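The structures considered in this document are given below.
Look at the two complexes coming up: subunit A is in both, with subunit B in one and subunit C in the other.
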Partner chain A sequence: MSFSTFTTPTGFLLPSVHSAPPFFTQQPYPGTNATVTEQWITLILAYARHRKLFVLRVEDAEITDNDWQEVVRNERINRKLLPSYLSSIIATMVSKNLATYDPPGQTRSALLYWRLPEEWAEVLHGWAISTGQLNTILTFYEIADPPIPSPLSNIPINLLRKAIAVLAKTGRSQLIAVADGEGVRLFQGK
Partner chain B sequence: MHKRGGVGLAAFDRQEQSKRSFAELSTQLSQSQVDNLHAQLNQFRTALAHFATTHRDSIRRDPAFRHAFQQMCSTIGVDPLAGPRKGGWWAEMLGLGDWQYELGVQIVDVCVSTRERNGGLIEMEELLGMVSKLRGVGSGEITEEDVVRSIKTLQPLGVGYQVVSLADGRKMVRSVMKELDEDQAVVLAIAQQEGGRIVEEILVKRKGWTRGRARAALENMLLRDGLCWLDEQDEEYGKAYWVTSAMKWDI
Partner chain C sequence: MTLRRCSRSVDGTIPIQALLYNDEELLSSQEGVGIYDGAQKSPNHQSGTIHVTTHRLFYLSAHRASSYSLAVDLSCISQTDYYAGLFKSSAKVTLHISVAVTSPGDSGPNDGPDTPFESWECGVCAYRNPPGLSPAAARICGLCGIPRDSFPAAASPHQLSTSLPTSTSLPSLLPPSAPSSSSGTLRRQPNAIACPACTFLNHPSLRECEICTTELPQAASLGMKSAPSSRPASPDPSDDEEAAAARLIKISFRKGGDKAFYAVLRRSLKSKAWAIGASTTAPGDTSGAGSGITGILRTVESSAQERASGMNDAFQDLEALMVKAKDMVRLAADLNERLTASSASSAAEPEAATFIRSSLSQLGLQMADAPVTQDMASDEQRWMAQLARELASVLKGLMRERGVIALDEVWGGWNRARGVALLPPSTLLQVVPHLPQYTDPTIVTRTFPSGLRVLHTPPYAPAAFAARLAQLLAEQPKTITEIASKEKVAVGLAAELVGELEGEGGVCRDDEACMIRGGGAEVRFWGNVFKGYVWDGQEKERDEVVY
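This part shows the complex of A and B:
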């Protein structure tokens, strides 16, 4: 008997460690725990990127039928990630700046950084240039839910706000209050 | 009236002369012996050099030949790695020292890079496979004996690499400074048969251990040595230990 990789219905290739029963238990030995948690983090970020998932909640390990089913459960070996362990994994991700608690002040839900805010800033700037939308006022809604799908489709507003803040540092963005909320104007910059 | 070696003053001269002659003769004799020995040594050296150059490739490539060569060396009392210089004269001639050290480095490479998932204990077979992959040679090119020998050359570094034999004859290479006690060796052997999974009950049933002894051995491996992973969702017993070095991965 050996552990193998598995391709999920959504076309994601799960690593072989995902078919090992003890992978789903938090390890008491610190060295082992660090290794296994590291593997979980890599897996979570890869899956988030694959499905374009931005949010991970402790709740995702408690209830069935959510976007994370394929990862937090393995029906083939009858194992599931326990909420306490998921909570600890999320805490580790936050400490490594691979996620941030969102909204702040709680530890049950986090925004995942499979792209860092700095990277999202460049994606946003590049998108504005390629679609000819520099120097015009864009609402957050127009960016997160554009008529033509973009890499920024469905980006959480809090993450978008961080990306805009990064661009503001180099004079490439300016926040603007618009009638129905917030907007931004993007510039070419130097 | 004259007697040889008679009593006159001339007798002294004669005695001195014959003493000198004897000394000369003896010098000549030992000189020729030394010369003879030198000649023999040179011959041996040439023959050895010839052997080394002709068979160098076979020794490095062919495990059977290497084995035979090393056996020959130990029979005649020559250590292929010994010598005043780094790898020894003999090793230099064959390039065997480099080969052995190189293998040693690759063994360390594999042991260190797999330590995270096997806790510093790797099965000989897996190690051979991974080293062969590193060298880009087919399996069977590197033998268990080569690995054991290379590990011996690592000894002066004091890194604690050790070959551990299990009860069923299988061998494992340990790359962490930890003593493996007898109970742990038994646990390892059973875990190998079980694909890695082990529970107290197996040890109690098969080995007749008390529950306390079984638990102590497993908890030590888990908490003290980091050789196991814990599974708290085991269907049968609720709690199972997985010996990482016995788990098989298709990568």
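This part shows the complex of A and C:
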């Protein structure tokens, strides 16, 4: 039995395993389940990177019409991901540090690390250098919603804060309180 | 007339044994007899069976047994004659009926048909006397021996249901034209006088009704009193005219057996069991015991002793039977062996041999080889080996069409095949490891993750089954039920087999609960489509960061 890949309307190439009905069932045996969940994590992160999606909720498997439709449902084989299984996938991602519950203290919604905070830190630093904004004070909004689209566009503030914290460890950033909230000053560093 | 007066109708469809009193005994029977009422043949009683008991003479009619059968109390027979028969006239026994007994009284045959079949409580010792004793025996308390009449009998006679044999007699005796209301009333309370206005039953000494003061019909009631409506007047005057000859009944023996029967009848009449019945046959032998507390205690004691000894006898019989049973089994095995040997030489089995075999199997004694019991084998190891061999032959039948069988079924099947000397499950567990040496193809045991233990043939070894299932599922994913029918195993067993394979990653499942439209509770099994899967989706994009 062979399955084929499929390109979605948003231009994402779904893997062939996404056309296999058993892929959508939570396998009761740990060995098989680990393999399948691994594939789901790869798929979710690849899709999140493709669509620049930062947040995955358990509700995404419950309601239609959301950003994750192309992944959590497969109309061609009449299968969908059950919320219970999605919840368990998210839990696995959190345990592997590929996501974090956001806001913390609940398990229904998670922030996806298709780039780790360390990687985001490098992206932020590189962006500041390339746009000549070192040593100036930047508000979070200026970073997350720049006039010219950047890799950092739409980055959640919580993730941004983590990236800044990483930079601060190497002395390349400094959090500053400004009039309407918080700001950051980035340095060249060593 | 005589016949009707001295006899009591019984339901002849009931077997004779069920008609007897508890203390009555059947002595002899003779079929093919007819009855003469006086000098004439009694038209309704010309073909039947006569039974003589310690208390009564029964005539059970061959046709219309329910209405033409009757019983005569031996107590009302005063004399008997025997006539040997001549030419075409068959042998006859003549019974002279004594008048005294037929007069109304509590022992009269037509009177109080309920008396033998009611239980009553003794007014002295409060012992509840059981129903079913003969009238004489029933008049005396079975425990303390006090006669029932010595205290007001009205205590509380517990009537049994009216469906008992003798109580069915009345309707057939009653003339259909009899005024049913008055006769019914009189039967229940012979002395009471029914008020013509309000029907209240007044005491016989009253002249006016107790309720409505209507004058009571004295004369009429007195006439009724001495002669219940079911009987044609009082016997005396008319009987005198009829002469003594009329007061006899003849039994005509048309099929012989007369001499033997007459002898028995004489003996029974002589022994007068009906008169002494009360003292000799009442529960417990009270003859030696005086009355009073000591008597009661002795009665109770002796009846307990009787029961204990009876029980002992029964157990001894059982033990003897068990000893004999062993011989029986050996004999059966021997017979079977010989039959097999003889049938091997000649092609067709003789009819007798087939009959013996079928009767042996009906007795549960048919065995190709007798079950192995521990005393047949010299030591534990050989016993195990023999058991394993026996089990192997049983399994050959049990697993003819199946590759997997649960241990419980094996145990049940094995013991059923053995029939005797059943084995406990623990022995089965001990024998199972020896099985591979005695089976071909080898049958081995296997324990599923759930703890279920089965025996299986090589095709159901895990690797072989996995390969076969993979092939099966490659064609099309299947539910457990479909797998079970394909593999010809029970659904539960199939679930265990697949479950074990699933645990090893051999198969994966597709739950219909995950369907977007429709969806049920079925689970389909697939070959493991994830094994060796390499990501073939969107390439992981290079870090496309644009500075």
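Keep this in mind: the second predicted complex is superposed on the first by the 189 of 190 C-alpha atoms of A that agree within 3 Å, B and C clash if a C-alpha of one lies under 4 Å from a C-alpha of the other, contacts with A are read in each partner's own complex, and residues count from 1 in each chain.
Just so we're on the same page, contacts are C-beta pairs under 8 Å (C-beta built on N, C-alpha and C of every residue); 3 or more make two chains touch, one makes a residue touch a chain.
Note that the structure is predicted; figures quoted are calculated from it, not measured.
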### Message
For the combined arrangement obtained by superposing on subunit A, do subunit B and subunit C clash, or do they fit?
### Response
clash
### Query
Should A:75 be classified as contacting the first partner (subunit B), the second (subunit C), both, or neither?
second
### Message
Just to be sure I read the superposition right, which of the two partners does A:110 touch: subunit B = first, subunit C = second, or both, or neither?
### Response
neither
### Touching partner for A:28 - first (subunit B), second (subunit C), both, neither
both
### Query
In the superposed arrangement, which partner chain does A:13 touch: subunit B (first), subunit C (second), both, or neither?
second
### Task
Mind working out whether A:41 is in touch with subunit B, subunit C, both or neither, as first, second, both or neither?
neither
#### Entry: When both partners are placed on the shared chain, which of subunit B and subunit C touches more of subunit A
C
#### Entry: Contacts of A:127 with subunit B and subunit C, given as first, second, both or neither
second
### Query
Where along subunit C is the clash with subunit B: 40-48, 292-300 or 472-480?
472-480
#### Entry: Touching both subunit B and subunit C, residues of subunit A
1, 3, 5, 16-17, 20-25, 27-29, 31-32, 35-36, 78-80, 82
### Query
Once bound in the complex, which stretches of subunit A touch subunit B?
1-5, 16-17, 20-25, 27-29, 31-32, 35-36, 78-80, 82
### Message
Looking at the complex, which residues from subunit B come into contact with subunit A?
### Response
116-117, 119, 195, 197, 222-223, 226, 228-235, 240, 242, 247-251
### Query
So in the complex, which bits of subunit C are touching subunit A?
474, 477, 502-505, 508-511, 513-518, 524, 526-531, 533, 535-541, 544-547
### Task
Would you tell me which residues of subunit A are touching subunit C in their complex?
1, 3, 5, 12-18, 20-29, 31-32, 35-36, 39, 42-43, 46-47, 49-50, 73, 75, 78-82, 123, 126-127, 129-131, 150-151
